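The first chain written gets the first letter, and so on, giving A, B, C, D and E; residue counts start at 1 in each chain.
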Amino acid sequence: MLEITPQHYTILSASLFMIGVIGVLTRRNIIIIFMSIELILNAVNINLVALAYELDDLSGQVFAMFIIAVAAAEAAVGLGILLAFYRNKETVNIDEMTIMRW
Amino acid sequence: MLDAVAFYTLSFLILGLGVAVIAARSPVHSVLFLVLNFLFVAALYVTLNAEFLAVIQVMVYAGGIVVLYLFVVMLVNLKRDPEQYADTRRVGRIGPVLAVVVLVELVAMAAYWSIRDAAPAVSLAVREFPEGVRGGNTEELGWVLYTDYLIPFELASMLLLVAMIGAIILAKRSLQP
Amino acid sequence: MDLIWLIPILPGIGTAVNGLIGIRFFSKRTAGLVACSTMGLALLLSVSAFVQLLGLPGDERFHQVTIAHWIPPIPLDTIGGMGSFEVPWAFTLDPLSGMMLLVVTGIGFLIHVYSTSYMDHEPRPAYARFFCYLNLFCFFMLTLVLGSTFLVMFVGWEGVGLCSYLLIGFWYHKQSATDAGKKAFIVNRIGDWGFVLGIFLVFFTFGTLDFHEVAQAAAHMPVEAGAFGVVSSICLLLFIGAIGKSAQIPLHVWLPDAMEGPTPVSALIHAATMVTAGVYMVCRNAVLFTHAPTIMMIIAIVGAATALVAATIGLVQTDIKKVLAYSTVSQLGYMFLATGVGAFGAAAFHLMTHAFFKALLFLGSGSVIHAMNDEQEMTKMGGLRKYMPTTYVTMFIGALAIAGVPGLSGFFSKDEILASAFIGSPWLWVVGAITAAMTAFYMFRLIYMTFHGEYRGPSWKHGHGDEHAHVEGHGEHSDHAWHGPHESPRAMTIPLITLAVGAIFAGYVGIPAVLGEPIGIPNAVEHFLEPSFVAGEAQHAEEGHQLSHMAEFGLMGFSALVAIGGILLARRNYEQQPAIANRWAESFSGTHRVLTHKYYVDEFYSATFVAGTMSSARGLFTVDRTIVDGIVNGTGWTTIVVSWVSHVFDKYVVDGIVNLVGSTCREVSYGFRRVQTGLIQNYAFATLVGVFAFVTWFLVSR
Amino acid sequence: MSYAEFPLLSLILFTPLVGAGILFFVNKQSHNLIKWVANVFAGLGFLVSLPLWFRYDQQNPDWQFVERMPWIPSIGAEYFLGVDGFSVLLILLTTMMGVIAVLSSWTAITTRVKEYYIFLLMLQTGMLGAFVALDFLLFFLFWEVMLVPMYFLIGIWGSDNRLYSAIKFFLFTLVGSVVMLLGILAVYFEHWEVTGVQTFDITRFHELNMPFELQWWVFLAFFLGFAIKVPMFPFHTWLPDAHTDAPTAGSVILAAVLLKMGTYGFIRFSLPILPEATVASVWWVAALSIVGIIYGALVAMAQRDWKRLVAYSSVSHMGMVMLGLFALTPVGITGSIVQQLNHGITTGALFLIVGIVYERRHTREISAYGGLSKVMPVFAAVFLIMTMSSIGLPTLNGFIGEVLILQGIFVVNKLWAAVAATGIVLGAAYMLRLYQQTMFGDVTNPKNEGLSDLSLREFATFAPLLVLAVWIGLYPTPFLNRLTTSVDHVMVRIDSTYVPRPLLAAVQEPQAKAQIDTAGPVRGGAR
Amino acid sequence: MPAGFTGADFYYILPEIVLTAGALSVLLIDLIFRDRDDLTFPATLATLAVTMLVLLRFVGVDTMASRGLLAIDGFALFFKIVFLLSAFVTVLMSAMYLKVERVRAGEFYFLILCATLGMMFMASGVDLITLFIGLETMAVSFYVLVGFLKPSQRSNEAGVKYYLLGAFSTGILLYGMSLLYGLSGSTRLAEIGQAVAAQPAGGAVALALVLVGAGFGFKIAAVPFHMWAPDVYEGAPTPVTAYISVGSKAAAFAMLLRVFMEGLPAVSADWQMFFWWLAILTMTVGNLAAITQTNTKRMLAYSSIAHSGYMLIGIVAGSQRGVTAALIYLFFYLFMQLGAFAIVTLLRRSDVVGDELKDLSGLYFRSPVLAIAMLVFMLSLGGIPPTAGFMGKFWIFSAAIEQGYIGLAVVGVINSAVSLFYYIRVVVFIWIKEEVMGSEIRLGGAMATAVGITLAGSVLFGVYPQPIFEQAQAAAQTLNSFIPLAISR
C-alpha cells in the first residue's frame, strides 16, 4: 500500500481521464468542455511519464512532450473555431449547435 | 514512505481540482482550477524525475494555453448563461454513470497487469549517450529528441504552423463582406 | 399405299389454302371447292390404299410408312433398362385404321358437300373459315387414325379437340357457343391428362410408343387377372382419355352442349368421327386391354351405365339435336360395352354403322332445322313429312337402323354387341337390351313428333322470295322473310340419300356367322379386323366361349322384338294419342323431372362449387363477376375460387412479405436518423458506449 | 482466316454495343435515324449470329468457337468465350428477340427515343455475354450488367407503377446474384486449394469434385441467384410487377431471354459443378417447381389484367422448365431446354400481342376488350396460334417441350408427373378464358370498334415466331440434335450418382443401372 | 546534420520535404501576391504533381528511414499515391467552389497540402509518436478546413463538432497508445509487437486494443464511433468533405493496418473479433441509415460509413489477400467517392446550395455527360460491374470467403444489395425526374478534369483492373506480418 506501484499511477491517470470524460459528457459550456479535454490529455501524460519512470526509458517523456505541443496547437485552433462559431451564433452553448441533425 | 505521502497528496489535489474544473459554475473559476491542476501535475512530474517536462508543463500549459482560455472566456462576453438552455434529447444522466463504470473496468484490468513482469520480456535497446551528455534529464531528453525523434519534431513544427495559420484564419474577422 | 401420309396432308393443304388466302380472297364457291376437292382426293387415295390392303393376304395386312423423325432418339431409362425415347412421323395402314379411314374420309367428304349449301348464308370470310376448320379437323382426325405411335395419335387426338373447340364456338358472338366450346376443350383436356400419363407409362414400361411393338411386347406379358399391375394402370389411364374424348360418364357433360355448333359439325365431329376416337383407341390397343381384365370390366360397366343413362335422358328431351346427342352418348356407351367384353370387332363394326346412321340422322335434323328456320324444339314441329319427303324418308331409315330393326345395319352391329355382352355377363346384356328398347322409343318419338301429326310450328306468310333467305343464328340475316318448311337443296339431300343407303347396307359386311353361313356370306368385318386386335402369333382372340346358334337366334329375335316394341310404343304415345305422353309425364313426374334435368349432373358439379363458396364467402364476394364468366363447368367454379384465394395469397402474403422487409428497413432507417440528434455529447456518449461494450466484452471473455 | 479462329462470338457480342455507341452520337431529335440505326444493328446482330446455327458441329462434344485471352491474371480471370449447342440456341433466340423487340417499339416509344434504343442494345450485349462467357467472373459481370438497362427500360418507359416495379426487379435480382457471387468464390477457392490453379474457368470447375458439405452450401447460394431469376415459386413476386409495368419490348426481352438466365445458370453451373448437391436437392426443387406450375396457373386464372395473366402463366411455364431440369434425365433436360426456347417464343409473342392492343387502347383490363376477332381477324388468328402453343397443342412448339419434360420426370416419379400434368389442364383453362373474353363475343366496348388490324411491321414481328412455333412443333429434330452433347455433358456429371427409382414393379432394376453407363452416352466426357 | 543522421534519412523523405516546401511556397505566394487569387491554384497542383514524381522514384524501395521511425516501402508508397491523387482531384474540384463561396484560396490549398503531409507520415510511420504527430497534423488541418466558411453557420457548427469529437477521440487514442508504450517500453511498432508476443496476453493489451481501435474507429467513421460523420460531412465545404471521406479515411486505414498488423499480430484473434463486430455494425447501420436521407452529402456520408465497413472486412480477414483487398478497395473508392462529390460540388451555384437530392433532379436533361458520370459513380459505389466498385467488393468478399468468414461475407453482400436502393434513388432523381433545378451548370476546365479522372478511373479499372491488382498485391506484400490462412494452400 505504501509502496507506490505503477498501478497507482495508472489508477490516478485513469481517474483523471474519466473526470475529463465526465466533463465532456455533462457540461454545456463549450469552453469548459475544451478544458475537460485538456484534463484528458493530462491524464495521458501522467500515464506516459509514470511509465517512462518505471521503464527507465525516455521515449515516454518525449511522447508526453509532443502531446503538450499538440495540445497547445489544438487549443489554439479549437478556440479559433469556437470564436468563429460564436460570432455567428452569439452563444457557446453546445446544445444550441443542432442545425445539422437526423 | 515520503514518496507515498507525496503521491497521495498530489493525486488527491489533482483529482480534486479536476472535479472542481468540471464542476465550477462559471468558466473563469474552472480556468483557475485548471491552472492549479496543471501546477500539481507538474509537481507530480518532478517526483517522477521528469524535471524538464515539469517546466514545460508550467510554461506551456499554465502559462500559455490557460491564458489563451482566459482570453477567450473574456472575449466571449455572454449575454446569457450558456447553461440555461438544455436540449431534452441529451443523455445527461447515464453518461457520468457509464464513465464511472468504464473507470472501474479500467482499474480492474490495470490490476491484472504490472509493468514489472512485462518489462523484462523484451530486451530494450539501451540508449548509450555520447560523452558530451551528462546524466541529466534535460540533456538526455534533448539528445533523444534531436536524434531519434528528429523527424516528428520537424513535423510538429509544421503542425504548429498549421495551427497558427488556422487560428489566424478562423479568429480574425473575415475580410470579405 | 406408301402415299397414305398424303391422306392427312391433303385436307391440311386445304386448311392452309383456305386459311392463308381463302379467308381474305376466295369466293364462297372457291372456298367450298377447295375444301371438298381436297377431301375428295383424300377419299380416293384412301379407297385405293384400302383396296391395295385388301389385296394382301390376311396376316400381312400391316403397312407402316415413316416420313421423318419427329423426336430423335434420346436415351431414357425404362423398366427394361436404357431405352431411347424417339417418335417418328409414322403412319400405319392396317384393317382397323383402313376401315376407320374410309369412314372418316367418306363421311367427311359427304359432310363437306352438305355444308357447302348448309353454311351458304354465312358471310364470305366466315364461310371460308368454316371450311378451313373443317379441313383442319379432317387433317387431325386422319392423323389420329393413321398415326402408328401413341404420340402421333395424340397429335390428332388433341387436334380434333382444338377443331371441335373452334367449330362449336364457330359463331363466336354467341356466349353460349363459346362457353360450350371452352367446356368441350377443357373436359377433353381432363381426359387427355389421363391419356398422356398413360402414354408415358407405356413408354416407361415397353420402351417404345409404336402400337405394333407395344402390342408385340404386351402379348408376352402375363394377363393381369385380378391383379392390378403396370398394364392395368396403363389401360386405366388410357381409358380416362377415352372417357373424355368419347363423352362417357362422368365426362359426358360436354357433348350435349357441343350441339351449339353448326349441325354438320355435330354430325361429323360429335357423332361420326371424333367422339368415336376413344373407342378406336381402345380397339387399337386391344392387346393391352385384353391383358387387363379388371379394366375391361370397368370399361364394360361404364359403357353400359352410360348407354342406359344417356338413353333415359334421351327419352324426354324435346330439342331434336339434344335427343340425337344423348343417343350418340348412349351408342358410344354401347361400343365401350362391346370393347369391355372383348368384342373389339363388334365395337369397331358398330362404330362404322353408327357413323353412317348417326351422321344421317344429324344431317337430317340439320335439314329439318334448316327448314324450320332454326327451330330445334320438336314440340314446335310436326307433320313435316309432307313438306320434306326426302328428309323424312332418309331419316326414317336412319331411325330404323339405329333402332335395330332387322335387315338394317344397326341390327347386325348391335346384335353382335348384345351377343358378346351376354357372353360377358347376362346383366350387361339386360342393360343393353333395355337401352335398345329405349333407343327405339326415343328415336321414333323423334320421328313422330317431327314428321307426323299436324304442324305445330309458327305460321309463315306465303309469298314469293328466294328459297334460302333464312340462315342459322345470324343476327344480320334473320330478319329475312321465311317461307315455311320446305325441302332442302340437292347439295344437302344427296348426302342424305347416300348415307341412307349406307345405313341400310353397311351392316351386310358383318352379318353374324349364324345368319351368314347359311346364305354363304361370312362375317367379313370380324375376320378382316382380326389382325388388328391380336399380336402376331397370339391367334386366340375370343375363341373358347361361343354361343350356341340357338341362343344367338334367341337373343337376336329378342332384340328385334324389343326394337319393334319400342317403336310401337312411341307410335302409340306420340302419334295415336299424344295425351298419354303427358299423362306419363305427370304420373312419373319425379322421374320425368330428373330426366329432363339430365340427372342434375351439371347442377351437382355446381353444387360442389357452392359448398366451396360458403367456406370462402369473402374471397368469392369480391370475385363474383370473374367467376360468373370464368366458369368452365361446375368444378371450374371451385378452381376459380381456389385461384382467387391463391391470387389473394400472392398479393398479400408473398408480395406482402417482400414489402414488409422493405418497410422494416425504412423504419429502422428512421430509427437511426432519430439517434442522430446533432448533440455532440450524445455522439461522445455513443463512443463511450462502444468502448464500454468492447471493454466489458473482453473483460468477461478473459 | 478460317472461321475456326475468327472471333465470331466477340463479333456477336459487341455488335449491339457498337450500335449503342453509334446511337450515342446521333442527335436525339432525329427519331427516324435513331430507329433505323437501332434496327439495322439489331438485324446485324442477328445476321452475324446465324453462322452459329450452320457452323456449329453437333457431333463435336467440345466447346466451339472458343476465344481465350488473359483478362485479370492476378486472380486468374480470363476473357474466355465458347458455346455448346445449348448456348447456341439461346444466343440465336436472344439475337432474334432483339430484332423483334427493337422492331416492335417503332411506334410504341415516343419519348426519349435515343436512350431507349441505347439501353435496349446494351441489354442485348449483356444477355449475349452471359450466354457466351465460359469464365465465371466474366459471366457474373455480364449477368449484372443486364440489370441496369433493364431497370431503366422499366423505370423510364414503363407504365403507372414503374418505379416500384423497377426497383423491385433490380433489388430482387441483385440480392440473388450477390449471394451467388459468394458461391462462385467458394468454388474458386476450393478449386485453387485442390488443384493449386487459380482460375474462373468453368470448364475446369466442371471437372472439380467438391466435398458434399461445400457443394450443399454453394448449391444454396447458386440456387438463390438463379431461382430468383427464373423465377421459382417463392421468389416470383417481382415478375408480375416487372412485366406489367415494363414497356412491350421490355416484357418481351424479359420473358424471352432474361428469365432463361436462371435456367441457363442451373444447367451450366449448378448441375455440372455440384452434382451430388443437385441430386440431393431434387426433391425440394421439384416440389417448388410443381407448386409453381399449379400456383402460377391458378393465380393467372384470377387476373383481370391481361399482361399480369401472361406474366403468371410464364411463372407456371418456368416451373415446368425447372421440373424437367430436375428430372435429371436426358429427356427431361432436353425437354426443359426446348421448353425454354418455346417459352421464349410463345410468351414473347403473347407479350407482343398485349403490346399491340395496349398501344391501340392504352388499357390492359381484360374486361375492356371483347369481340376483337371481328375487328382484327389476323390478330385474332395469330393470338389463337400462340394461345394454342402456350397450352401445348401438338404440332406446335409447346407440346414438344411439355411432353419431353413430363416423360422425363415421369420415369423419376410418377406422382410428380401426374400432378405437373394437371398444369396443362389449368393452362388450357386460363388461356382459353382469356381468349374467349378478349376475342369472342360481340364488340361490347365502342372504343374497340375502330381498332386497326396488324400493320405489316407488326406482322413482321410475329412472323418469325409463328414460323418457329410450327417448325419446332412439327420437326424439332435439328434443335434436339444440337442439344445432345450439352445434355450428355450434364448427365455424365449427374449419372454416376443418380439412380432413377421407378415406383411400379421395377423388374431388372440392377441391369437397368448397368445399362445406363453403356447406353448413357459418355461423349461429353472429353471436355 | 545532427549526430547519427545520414543524408539517406532525408533522401528517403524527399517527397514529404518537397510537399512541405510546396505548401510553404503556396503560403508565400498567397502572402506576396495579395491581389492575385489565381496563382496559388496552379502552384498547388504543381506541388502535388512534383511530389508525385519524386515519390515515384521510390517504387520498389523497401527500407527504414530516420532511425526506424519511417518505413519507406510499397505499402506506404501505395497509400501516398492515394493521398496525392485524391488531393489532386480535391484541389481541382475546389477552385470553382471557392470562387462561388468567395473565400481566399491560398490558405485553403495550404491546409490541404499540410493535411496531405500529415497523411503521408501516417502512411509510412512505424512509430507511435510519428504516427501520432502525422495524425494530428492532418486532423488540425481538417479542423480548420471544415470550419473554413466562416459566414456559414453550418460550416462553423461542423467545425466545432469535428474539433470536439476529434480531440476527444484523440484523447482515447492517446490513452491506448500510452498503454501500448507501457506494455513494451517502446514506441516502435516492431518492438511493441515483440513485447506483446513475449508476454501472456493480459487485460491491458485488450484494453489498449479497444482504446486504440476506438480512436481509429473515429477516424474511419466506424459505428459506433461514426456519429460525427454525417453532420460534419454535411456542414463542411464540399471539397473538404470529399477529401475527408477519402484521404483522412485512407490515412486512418493505413495507420490502422500498420498498428494492428505490425504492432499487435500476437493478439490478432482479439482484434479480429473486435473488427468483426465493427464491420458488421458499420455496414448495416451505414446502409440502413442512408436509405432515408434526403441530403446528398449526408447520404454519401452514411454510404462512406458503410464503405469503411466493407474495408474492415478485409482487415478482419487479415490475410495478405485481406490487406490487398483493403488497399484495392480504397484505391477504387477514391475515384467513385471523389467523383460523386465532384458532381455535388458542381451543383453548388450562386443560387443553389445543391446538396439536396432534389437539386439533382433533371440533371440528365441539363447535361447528359454529368448524368452518365453520376450514374457510373453510383453504380460503382453500389458495386455493379463493370465498374471499379465491383472489383473492389469482389476482392473484399473473396478475402472474407478465403478466410472462412462466411457470415461476414453474407452480411456484406446483402448490405451491398441494400445499398443499391439509395444509390438508385439518386439515379432516379437524375434520370427520371423531369423538372430541372436552379441555374445553368458551368463545367469549368478544372472541374471537367476532375470528373474526367474519376470517371475514367471508375470505368477503366472496372473493365481492366489488372495493373492496380498487381500494385496492390506488391504493396501488401511489403507489410511484414499477416494472419495465417485458415485453409492450407
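Keep in mind that, in the parts below, a residue touches a chain if its C-beta (ideal position, glycine included) is under 8 Å from a C-beta of that chain, and two chains touch if they have at least 3 such contacts.
In this text the structure is predicted, and so the values were computed from the model without any measurement.
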Touching both chain D and chain E (chains): C
Identity of the chain that, by mean CA position, is farthest from chain D: B
Chain pair with the higher count of C-beta pairs in contact (B-E, C-D): C-D
Most distant chain from chain E by Cα centroid: C
Distance-to-centre winner among chains (Cα means, whole assembly as reference): D
Chain centre separation (chain A, chain C; CA means) in Å: 97
Whole-Å gap between the CA centroids of chain B and chain C: 102
Whole-Å gap between the CA centroids of chain C and chain E: 78
Centre distance in Å when chain A and chain B are each reduced to the mean of their C-alpha atoms: 6
Of all residues in chain C, the ones touching two or more other chains: 673, 676-682, 684-685, 688-689, 691, 695, 699
Residues of chain E touching at least two other chains: 129, 133, 136, 140, 143-144, 147, 150-151, 159-161, 164, 168, 182, 185-186, 203, 206-207, 230-231, 418, 421
For chain A, residues that touch 2 or more chains besides their own: 6, 10, 17, 20-21, 24-26, 30, 34, 51, 54-55, 57, 59, 62, 66, 70, 73-74, 77, 80-82, 84, 87, 94-95, 97-101
Pairs of chains satisfying the touch condition: A-B, A-C, A-E, B-C, B-E, C-D, C-E, D-E
Residue ranges of chain D in contact with chain C within the complex: 168, 172, 234, 236-238, 295, 297-304, 329-331, 334, 371, 373-374, 377, 381, 388, 393-395, 399-400, 403-404, 406-408, 410-411, 414, 417-418, 421-422, 424-426, 428-430, 432-433, 436-437, 439-442, 474-477, 480-481, 484, 487, 500, 502, 504-508, 511-512, 514-516, 518-521
Residue ranges of chain E in contact with chain C within the complex: 160-161, 164-165, 168-169, 172, 203, 206-207, 209-211, 213-214, 217-218, 223-225, 227-228, 230-231, 270, 274, 277, 285, 288-293, 418, 421
Interfacial residue positions of chain B with respect to chain C in the complex: 87, 89-91, 94-95, 98-99, 101-102, 105-106, 108-109
Contact footprint of chain E on chain D as seen in their complex: 71-75, 137, 140-141, 144-145, 147-148, 151-152, 155-156, 163, 167, 170-171, 174-175, 178-179, 181-182, 185-186, 188-189, 192-193, 196, 217
Of chain C, residues touching chain B in the complex: 677, 679, 681-682, 685, 688-689, 691-692, 695-696, 699
